[in-house]
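Look for subunit A in each of the two complexes below; its partner is subunit B in the first and subunit C in the second.
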Partner chain A sequence: MIRLQNISFDHCIKCTVCTVYCPVARATHHFPGPKQSGPDTERLRIKSPELLDESLKYCTNCKRCEIACPSNVKIADIIQSSKWRYFKKSLRPRDFFLAHTDLMGSVATRASLLVNFFIKLPPVKLFLDLFFRIPSERRFPKYARGSFLAWYKKHRAEQEAFAERAVYFPGCYVNYNNHELGKDVVTVLNAMNIGVIVSYEKCCGVPLIANGYIDRARKNALLNINSLAASAAESGARIISASSSCSFALKHEYRNLLELDNSAIFDSLDYITRFIHERFLKGNLPELKPVRLRAAYHSPCHLERMGGVMNTIEVLKKIPGLDLTILHSECCGIAGTYGFKKEYYRVSQKVGAELFKRIERADPQIVITDCETCKWQIEMSTPYRVEHPVTVLARSIDGGKL
Partner chain B sequence: MRYDCVIIGGGLSGLTCGIRLAETGASVAVISTGMSALHFSSGSIDLFGYNGEGRTVYRPFEFLDEFVGSNPRHPYALCGARQVREALFYFRGQLDLEGIELYNNDESNHFHVTTLGTLKPTFFSQRSVFNEKIRLAFEKKSMIAALNFEGYRDFYPELAVINLRRNVLFRNIEIITGKIVYPDYGDPQRNPFEYRSVDIARIFDTERYLEELAVQIRNAASGAAFAAMPAFLGISNFKRHHKLLQELTGLLIYEIPTLPPSILGMRIDNALKSRFASLGGVYIAGDTVTGGSISGERLESVVTENGGGSALSAGSFVLATGSFFSGGLVSEFSRVREPVLDLKVYSDAERSRWYAPEFFPRRGHPFLEYGVETDERLNPKTGDGRRVKNLYCTGALLPYYNPIKEGSGGGVAVSTGYRAAELILEGNS
Partner chain C sequence: MRRIETEAIVIGGGATGAGTLRDLSLRGVRAVLIEKSDIASGTTGRNHGLLHSGARYAVNDLESARECISENRILKKIARHCIEDTGGLFVTLPEDDPSYHGKLIEHCRYAGIRCEEIGVREALRMEPNLNPEILSALRVPDGTIDPFRLTSANVLDAQERGASVFTHTEVEEILRDGDRAAGVRCRDRLTGEKIEIYAGIIVNASGVWGQRLSASAGIELRMFPSKGSMLIIDYRINNKVVNRCRVPSDGDIIVPGDTVSLIGTTSKKVDYDRIDEITVDDDEIATLLESGEKLIPSVSRARVLRAYCGVRPLIAVSGEMDGREISRGIVLIDHEKRDAVGGLITIAGGKLMTYRLMAEMAADLACAKLKAGKKCRTHRTPLPGSERRVDQARSVKFFTGIPNSVVGSTLYRHGHRIRNILHREKRNYGLICECEMVTEGEIEYALKKLNVRDIVDLRRRTRIGMGPCQGQLCAYRAAGLFVKYDSATSDESNKMLVDFLEERWKGIKPVLWGDALREVEFGYWIYQGLFGLGDVRFEEEAEKR
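Right after this comes the complex of A and B.
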């Protein structure tokens, strides 16, 4: 049965502009491009799932096709939903581990030293490569000790004392890998006289969606919608996230791809730099100390799709001393868990090659980007360190070393 | 967010306007839903190709001098013939800064060849479509080889040649056809349906096969002076490839604009965006303006789909959202509507009069002449008749001209975009 909201493929006029701007189609001829994998073959798949073409698995869900489309076709959504509508569920242990970031995180953070040590050992890498098909070249993000939530619990009372508060969804990366970024969010918002209420129920679902665990993603999404809505209702606060992909999922993937009703949180959701920038414009600008660095800013695909890039740029422009180069918008290639799969690793690196070249040409002291997986990809593939815009802003506030 | 100017629509007209404004130091944002109609264009800029009787116009500026007097509502008349000229040469200068040279045949139009082998009068073309050497070789009636890449499905040289031979200009000119095999053809063969212009242009951009291709082109052209090929010579390095291929083959390499995506059009799109960005302009892609708030005679702010309720305010606004194809105009069963602000539209209430019964009517389809009605300052009126003084309408959104019948689309887009910028700058000073 065709549901009415899912026939946007009928608006496709076959102009092929999406394929022009598809980073994967540019990198490999094995991917026929978003037009063919999306609207063209969707009508065939509706007729008979046997007409499914495996090649659509190459899609990274970066959404650049949707930005390019003059006819407003939700091309990436069509491809993404076909992945789980028509393919058999993956039974690969690797995909299970990559998809369940919160489960892995809660185990790994209990023995982070051990995990971080082992995952770097060449025999372990070889083992992962041979038996799990995780490429040995791929570097893993380090796990932190304990969780960000545990840290936050100790500071909750002081945060609740602020008259204005914002609900913060930290996501798996901050909770299990990078507590410092979460603390930086607190530093920045506190300097603007805003308290931080952390609300974190489950992984936003991005890796689950990418690996076909749709039922799990829906369950997580419902839990998140309910808990975020409850936290926001209590204080009438905005809901913010400092991960561009978590933000994108909470706002758009829940609604368009998982077909859930997220209207209880939709209007209050902000990616963090929009939230900060709007307050800057209203005059709530904390005192900023110079950060004398040459920096290159890379805009992640999902932030491009959400239309939030200009906010990050405007916030960064406020930081005195920061010598900022805005890199031409290019996909870094990692696409979340995509670049962790051996079958896609080469494509992933080829997609990113153009960005890496541009970074080297800019020759910065640091690279700034809003997305954690872009950070992993750039740090692995170039000699440069990557920081989140909020971290840079936090150092400008507390005068700490970057 | 507040800007000096917000431009709704990121095509030829919006970007020309944006560049002119940003050049003066103004803060300008362009918001664009999807990629612009340049991706569907020939990559040449038409000024005025056909008169009211459908005959070719040879000297468009001379023609315009008289035309604007008797057609006061035409967008060219709103700009004035002098400013149309100023706009077009300003545009050429801006593209020049981005490494795209546009050639014109002095005061005259020249023709570019289409995929079907018909000729279209136009004013500016890229070097691979028109230049002095091409003109001289053509006048000498030199032999032409129309070549295609094996597997490319959007160009059939045999068909193009049949049409060219019918044309009086090509009488006594020998035209042959031939094909070139891409050295790397094995790879894209997996998806032959996607073997489109952009795939080939990208292979050109790698420069790996230029020498090998040059040998093939020379052999296939067997003695011709021109090698006419679909426009694939690359997106980023086309100038260098064109020069190299001409040197290696000793031939004039001529590019024929292809079906979308048009490489010739994309080059202009890239150049305009790059110029706009280098002047500090903000280009917001993939977002749609959904409405705005008008108070008195001013548009105060607009909201977008992705904006999450936060408005973009500006001193002035430009609406360059295009015609029906780009969504600047929407047709309902019995009315034509402007979807962003519901501005007053010139159209016909009777649907049966919107179009002519033939597909290519000599007089053109009336719907192509519909659009947002403006005064001489390009200011529109709201549905209830209030003038909006800080909003300027430009490009294909405008009524009272027919880009297809006249061959004037590019020129109108450029000159009204430029005109809006000049009006905004005048107002500020």
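Right after this comes the complex of A and C.
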């Protein structure tokens, strides 16, 4: 069956620039690169879906190819949609668990101490490796106790008292793993006289999309669009997310990949540093204390795709005493759940190797990045601690230790 | 000068000539084929490759319709790797005369063509890009046929059975010996070598060029050439052949062919002296796009890869010169009877898809004259590549380690012969043409087995350079392989490269807008900006090519 909605492949002029910039094609010869996996073979798949290549699965959906393309071909979208259109759905329990972060999170946060303890035990790791094909080298993010939403409930009233408010989409990571980041968002925005309205319905869908659970992803997306739009309409506020991948999904993947209408939130949705930077420019700059820190900044792929890196850098530059090295743009390799899979683990690490080397060369006290999975990857693969830009900003505001 | 003696000579390496060569070889007659350019480079390679069910002719020409459906069934068996059994639709647009629909059903019944009415919704399900405003739809057993593969497979089989083939060799004169045509004098156009070939029978299958050739033997044969133009769309916009349900007219067929779709065709009279210079006119392009869009609206958004045209060789049957008795069917002429010149027969007219029947008729007559040869077997003996049905899924498994897109594409082009082409050695399946998945192995096979003498020939055997980039990335790689596999010197291969790009350029020029224009610009940067190809000076030898 031919489906001719996304015909951006037709604009490809075969310049091969995308393949030059693909980090996976550089890391493994098993992946022929975006040109061949995207526009080239899309023509063949239209002719016959049987011409589908297994190697497509190596694509991490980092979108670097799309940034490089001079013809605006939605290369990564073509590859992702081919994956879930033509491949049989994965029946691996592992993929199910990795994809359903909401489910895992709500269970694990109830017994976080136990889960965090067990998952580090070598026999458990071995078991996961052997039976779930999750590489034993992989370190898991810790689960928090309870959810961020539960914490927020206690503080909602004071947030609603602010005259200006922003709707905040925390995402699974903040909700289940890192409440502190959510609290930092509140600290920063409050310091700028902005209240935080948390609206969190479901996981944004990134891991679902990556593992082929498209129907589920669409369902989540619709719920999120509706609830975010409703919250934003109530207070006339903008919507922000502090995860580069969540904001990318809400804004672009919903529209281009899931083919849903997200116009209700599209214009009001921003990644957080863009929101903050705009306010800074307008003069809403809170008092910042010096942090005295040597840091290296790593720009996540999806933030680059959105063109948002500049905002983060500008915000960081405002922090007094922050000695910032901006690392050459490289993919860290984890790509969400990709690096949790044994079959891709080596590729994932090889993709990241260049970045790790550059971090070591910069030898900072901490690494700063906008994406939680980049953080896991860098913390696991280098000796450095990784913080979110908003966290660094929050410490500069409250004078806390970093 | 070389002198060759054989039993039969076939002039013209189109489908008809190649089919005749194979037919004779299968009957045990020693034959030689002479083609002035490449096989399938004449009208055979310049049509839209529709494996007619006959429905298109049913209303006006019942005899042709019957020929079509009978050959349609035979070819699906003997040439399955050259054919895609897509099925076809006849759809009525709001502006079309609705009564044609009923007429077509009725005449298809007379001709024995299965033609069933299907609901509009069903038609749109089969063909989601179809104009949703169609009023009715009929389903017929149309299919598609790849003329290059078909002709090449016929030649390959004949060669495997002992026939000889001379491509890029032109018959300059049919040599007379009293009241007989005794042989031909030819010249190899690449090397300049002269060859004389003598035989008991000469079959003239030179299509529209037959008039010129017959004249060299002192025989008058009048052709009435009519030009038809077509457009190639970058990718498949339809799965089935889509016909407009009306009296056949300009721009009313869209045919899916391999990875692309073709919009056809127009019909314009041309002067006989101009048959070698015809080009596609702007008004034809406009007509084709406009009519194509009516059938499949997304035509307007798709990239047009190229435009090309061919000449229908319509022939005057009975020596009359005013063209009143032009035949659109198959014409077999025994010149002994008609012009009192023995040893010469002409086979012309017909269609690509009736090539086998035409070959059978020509070979029957040739054998009768030679008093040799067995009965025709071409309706039962599959072509090389079609010996057995090959299952794509099984082949993909057999070639584990080679990408499915490569295995599938090679299989699609070469059928059962894929086993002679692909193997798991890395170099063998390295891609040369990335748009159409042509591997080094496939090129090596074509160079060694399929009478390839330059890159344009190679394109006809493999689809190299036929995808969206039109040779930008593969042409220079292919030129290198000619040297690597000892098929050309490096100077010759450079010249070939220039010729190939020129040939591509000819077809792109008429449709130079949008993405095709950007593509060409980029190609120019590579070949002129980077390689400086326009400034290469060739030695005399290569220049001759």
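The criterion applied here is as follows: the second predicted complex is superposed on the first by the 397 of 402 C-alpha atoms of A that agree within 3 Å, B and C clash if a C-alpha of one lies under 4 Å from a C-alpha of the other, contacts with A are read in each partner's own complex, and residues count from 1 in each chain.
One rule holds in what follows: a residue touches a chain if its C-beta (ideal position, glycine included) is under 8 Å from a C-beta of that chain, and two chains touch if they have at least 3 such contacts.
These figures come from a predicted structure and were not determined experimentally.
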For A:C15, select first, second, both or neither according to whether it touches subunit B, subunit C, the two together, or no partner.
-> both
Where does A:E278 make contact in the superposed view: on subunit B (first), on subunit C (second), on both, or on neither?
-> first
Where does A:I7 make contact in the superposed view: on subunit B (first), on subunit C (second), on both, or on neither?
-> second
Regarding the shared-chain residue A:A230, is it in contact with subunit B (first), subunit C (second), both, or neither?
-> neither
In the superposed arrangement, does A:M310 touch subunit B (first), subunit C (second), both or neither?
-> first
Between subunit B (first) and subunit C (second), which, if any, makes contact with A:L324: first, second, both or neither?
-> neither
Can A:Q36 be said to touch subunit B (first), subunit C (second), both, or neither?
-> both
For A:S71, is the partner it touches subunit B (first), subunit C (second), both, or none of the two (neither)?
-> both
Partner chain in contact with A:D267 - subunit B first, subunit C second, else both or neither | first
Residues on subunit A touched by both subunit B and subunit C 15-16, 32, 35-36, 55, 71
Along subunit C, where are the residues that touch subunit A in the complex?
-> 128-129, 234-239, 256, 258-259, 298, 301-303, 392-393, 396, 403-405, 408-409, 431, 434-435, 437, 467-469, 472-473, 515, 518-519, 522
Write out the stretch or stretches of subunit A touching subunit C in their complex.
-> 1-4, 7, 9-16, 32, 35-36, 40-44, 46-48, 50-55, 71
Per the touch rule, the subunit B residues reaching subunit A in their complex are 1-2, 29, 33-37, 39-40, 187-188, 190-191, 193-194, 196, 198-199, 202, 260-261, 266, 282, 284-288, 304-310, 325-327
Would you mind writing out the residues of subunit A in touch with subunit B in their complex?
-> 15-17, 19-21, 25-26, 29-30, 32-33, 35-36, 55, 66-72, 267, 269-270, 274, 277-278, 281, 304-308, 310, 314
